[in-house]
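Naming follows writing order (A, B, C and D), and every chain is counted from residue 1.
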Amino acid sequence: MTNEKTGSLYYSDYLELDKILNSQHPRSADLPNGADDEMLFIVVHQAYELWFKQIIHELNLVREIFSQDNINDNSGDMSNAVHKLKRIVRILELLNHQVDVLDTMTPLDFLEFRNLLLPSSGFQSVQFRLIEAKLGLKMKQRYKADYYKHTRTGGFLQNDYEKINQAESQSTLKDLIIKWAKRTPFFDKSLWSEYQSLYQPGNNADKFWHDYKRIYQESLSASEQGRLDELDRVFFREGRSEFSVAAMRAVLFITLYRNLPIFHMPFELLGVLIEIDELLSNWRYKHLLMVRRMIGMRVGTGGTTGAGYLEGALSQHYIFKELTEMSTFLVERSRLPDLPNAVKEKTSFNVR
Amino acid sequence: MTNEKTGSLYYSDYLELDKILNSQHPRSADLPNGADDEMLFIVVHQAYELWFKQIIHELNLVREIFSQDNINDNSGDMSNAVHKLKRIVRILELLNHQVDVLDTMTPLDFLEFRNLLLPSSGFQSVQFRLIEAKLGLKMKQRYKADYYKHTRTGGFLQNDYEKINQAESQSTLKDLIIKWAKRTPFFDKSLWSEYQSLYQPGNNADKFWHDYKRIYQESLSASEQGRLDELDRVFFREGRSEFSVAAMRAVLFITLYRNLPIFHMPFELLGVLIEIDELLSNWRYKHLLMVRRMIGMRVGTGGTTGAGYLEGALSQHYIFKELTEMSTFLVERSRLPDLPNAVKEKTSFNVR
Amino acid sequence: MTNEKTGSLYYSDYLELDKILNSQHPRSADLPNGADDEMLFIVVHQAYELWFKQIIHELNLVREIFSQDNINDNSGDMSNAVHKLKRIVRILELLNHQVDVLDTMTPLDFLEFRNLLLPSSGFQSVQFRLIEAKLGLKMKQRYKADYYKHTRTGGFLQNDYEKINQAESQSTLKDLIIKWAKRTPFFDKSLWSEYQSLYQPGNNADKFWHDYKRIYQESLSASEQGRLDELDRVFFREGRSEFSVAAMRAVLFITLYRNLPIFHMPFELLGVLIEIDELLSNWRYKHLLMVRRMIGMRVGTGGTTGAGYLEGALSQHYIFKELTEMSTFLVERSRLPDLPNAVKEKTSFNVR
Amino acid sequence: MTNEKTGSLYYSDYLELDKILNSQHPRSADLPNGADDEMLFIVVHQAYELWFKQIIHELNLVREIFSQDNINDNSGDMSNAVHKLKRIVRILELLNHQVDVLDTMTPLDFLEFRNLLLPSSGFQSVQFRLIEAKLGLKMKQRYKADYYKHTRTGGFLQNDYEKINQAESQSTLKDLIIKWAKRTPFFDKSLWSEYQSLYQPGNNADKFWHDYKRIYQESLSASEQGRLDELDRVFFREGRSEFSVAAMRAVLFITLYRNLPIFHMPFELLGVLIEIDELLSNWRYKHLLMVRRMIGMRVGTGGTTGAGYLEGALSQHYIFKELTEMSTFLVERSRLPDLPNAVKEKTSFNVR
């Protein structure tokens, strides 16, 4: 990796540009009139893949942090995890922007080499599927899961298909977040002994939640009363969603009392997970608009119905849906019960 | 509008900042703890409305150009129209970006003043509805058209409702584009007398289109043959869509032979109309994601089901759908019939 | 502010659109051929001013937080301040984007109405000057400070000139940040009694700083040894800059030990202040490029030399320069001395 | 390049992802604690290089177009060239955005692996230097040209140094644009025989320019009269700049009479060249801000003074300066002399 003359490191060696810049071989090169725009098509997708690799790199580091048996709030772990997830946000913003570059290719110019690429397709990006899987999307939740099968034309090679399945079998970020939230220690019985329930006698965290239900009910207009069942299902009955009741209570509690110091980073964490979901969605949407313009109603190169597939994935491939929907269950700050001092203290800094 | 001291123009007078900067009166100001974020909410929407005014300004100028009985290709008209539409594109890109600013408001902070705004709603932006209408969206094509009615809570005031209806009754940009396309003079019989049909004897523009149908058929794979009916409907049978057969033929012809000088600007025009549609769509989509995060499944302030309404409008409020779908009907350049010299000459510059 | 018919709030009333949308009166309207682009010019600048108002709103709230005698780390204050400053970042990103819209005006189109605006000028935006002043820019630090004087053509009205001066006489954000940093309590003698100096006997925070100096020196290459004086000046001798030695030590310490829980938000704070400076700079730079293209070497409407003035302000109007330059004085993490347990404990959460 | 199982093309084979995704080997991998962020550093720069390759690809195609002895206005050449240059604009916008991703790396995290990269440096990107050279930047115009020499530590390898020099020895885009502008045929004597000079008897293109000088003079305020010499130098005396008088006259003429059909594309061409210059400048500026924050006043890895070098290049590496400055010499449309019919006809379409 060094300058052959001086023995010292040289830019192009460090970046292995001999490989990076010699990996563009347009299939249309053999045609009498090569398709000038195929180079763009290749470079755009290679740039995507580079960034996907980076996203996976960050995602693995974040999953490592959350895989610890116990995240020490006094380490930099939470802060590091949030920092890395925010970097993923910046990368996804860039990838959204990148669609605008491919947009400079006209449908007629694409047609010059489109058929040469059959049946390969952007659908087959293993890294993108790994990102979805590592975040928490299961194969069975995917739109038209059988499209992915290695036995299908336009599907994945067996090896790649297995990689995707394997990724979801490891702890996904969503699994780890649920585990982390569930374990949040501020609902320990000991901390709630002085809680003053607003409506019922009693002094534990559970009373808090019954109070909250009542407060929520009062905040609903007549036509909204149906929401109460919804709250019941999410925060009182197990098994409604991938998030357990304990995990959902924790994330709502963090959201409501985000000003408590120990919740600063967790609150940012919840926000950044939602942002990642939204940016992936917006990327799929921009992609859908582009494909619609590029190939109209035609079948995608991978044999999918192009825009049709993308539209299905768009509405189905949400990962942190439960976090987004939590805003349904918020009430105004002024309605919130006051917390017992023991809880406040436990969630604060050591300074007086 | 002048500096009272020197009689010369002063920045804040020119911009009428006394009005612009004194139009923010948060409803929460009377509350014990005013909601700090309501100012943001107001300013974001006022900035939207300023830009909507600018879009309407440009749109009116473009409609004026296309309202002429005959657009003179040798004037700067086409070039000016494209320039103005590209400006609208830039503004819409900005408006897409602007969503990110409102995204900095958390659901809990929004809840502090949300109820004070009922039943007003962003749905009621007259200017946004005028933009849609002036582009070419009809009331009957709108998702849940009865939401707009002035008789409905959360609907428009009578006066505003009429403004929207009136806008669509004038020539919309879509109407004018169709009229312009239909009239394109390069299908004059006189120009095609030397056309060599590939398949059938004959020498007129109509032969060209029968040739094209055959070429298209040959470009389709076995599983795509159904597309032929589609082409038939769009380019041979009247009444299938708002675009007449003549207009659709013209836009396809411009797309295929965009290198002919007289088509440079028209080709850019078609592209920029599609871009406007896409940016409006993407704005609606970003808006939808934001609303979903902000109010979850709750009812929007205007009494619509919030995200639900936006999702409906998203897929239904396309204006220039026909242009986007045209890429379904393209064939590779190498398959295109050669044009008669008379056509080439007519569509070229006067030089040499 | 209510729908006159139903007594309920209506969108356009809430937003006071009667004022917002009736404040555009192009001076060229009286010309035989009004200049179409003057509307854009007005709207762009009004949108800027709306956003400036919002920035000032947030800035005032942040200054209020830091004006407290003692910021309670266990309140949500720091977190709120950072949140509001991040919103300013998002707004400044938008304003950078907004330059692209004005870029769609050609120099020739600007010339149609340019002279009608004389001698008013964007230079005269009081709100922009207030933002600079409230952040911490002093009149005497401004490039060509006499341009601002109310006695000068193209300068400010007396009233406005005084507003700017008054803003800098109040506690600026920079003043408050310095005061906050200086007061940071983790250098209390009591906490450092067990500190093990690497080089010298002794056990106080001051030993830490002498150790740091030595570590820094060892990290410098031969040609960089001159930097040591620089470090000496900044971290050991008073009066070198607006930041006192104590304040500079605090910000460096926060940067180095950002993983300590109590530093999470302060570290984000330092980063976001730098970002604000950079975005303002980049906005000035984009503005400079635009002006250069728009009026070439001509004199700006305010009588400044246009691009020349902007270039001067560009390099001189940095506010948090000291924070940016701090990276000169960092050393690798592995070289950092271990902190005494008392310091670690004091800066951690109450949880074990 | 085909799916080994089915013989059909597979996504990852087409994109040669085996090479693209196996070219990241952080130098810090051997350290006890590898630097997590070095991967980001590598990927960002590899993505830059991919896009640089694409820019060079487009630039070569554009240079090919302009290298023809005679560009046929009736071919699609001009339109294609503008299209490709606009694509470069979109890519440069993306690269400006990409800086924000690297911005997520903190100075302390960079320091973990910074020294391992010495003396390699982003300065050594051959492709970026080729882009500058192919656009038209000469080695002697570069800031600190001796930094590039292959004999200098941190400079280029001999082979690369020669590549850069060779690129500027071929026809650069600037050379070709000047040649193209000079040759523009609308100043043919024959076309101007009916020109009515406003001030002097005479009827040729030269009279037009003398008229223009007079008109320009009248448009200047008293304090601006010095500009007249400037106009004289640029449009009447050879040798002032790389643009010949004939070329400068042509670009000004195109700008003034952009509504003539044959000037539509040339006018867009001039605009897009300025945009490329501005985006490169803005990229350098954002880069400068980032480096300043990342390494403060320290020396860059390549031994340059980091931010100092970038600042020098910023103000010196303009390519199409003459085009930007042309706006100094514009006058209002209403003052423009009417053109002889022969000129109007020659520059119009064949349609009546």
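What we mean here is this: a residue touches a chain if its C-beta (ideal position, glycine included) is under 8 Å from a C-beta of that chain, and two chains touch if they have at least 3 such contacts.
Only a predicted model underlies this, so the values are computations on that prediction, with no experimental measurement involved.
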item	value
For subunit A and subunit C, chains touching each	B, D
Greatest separation from subunit C - chain, by CA centre	B
C-D compared against B-D, more contacting pairs	C-D
Subunit B and subunit C, separation of their C-alpha mean positions in angstrom	38
Averaged-CA centre spacing for the pair subunit D and subunit B, given as whole angstrom	32
Touching two or more other chains - residue numbers and ranges from subunit B	258
Residue numbers on subunit D that touch subunit A, as the complex places them	1, 3, 5-6, 8-17, 19-25, 27, 36, 39-40, 42-43, 45-47, 49-51, 53-54, 57, 61, 83, 86-87, 90-91, 93-94, 97-98, 100-101, 103-104, 116-127, 153, 157-158, 160
Sites on subunit B touched by subunit A in the complex	33, 106-108, 111-112, 223-224, 227, 230, 255-256, 258, 271, 274, 278, 281-282, 285-286, 289, 292-299, 324-334
Residues of subunit A that touch subunit C when the two form their complex	73-76, 79-80, 185, 258-262, 264-265, 345-351
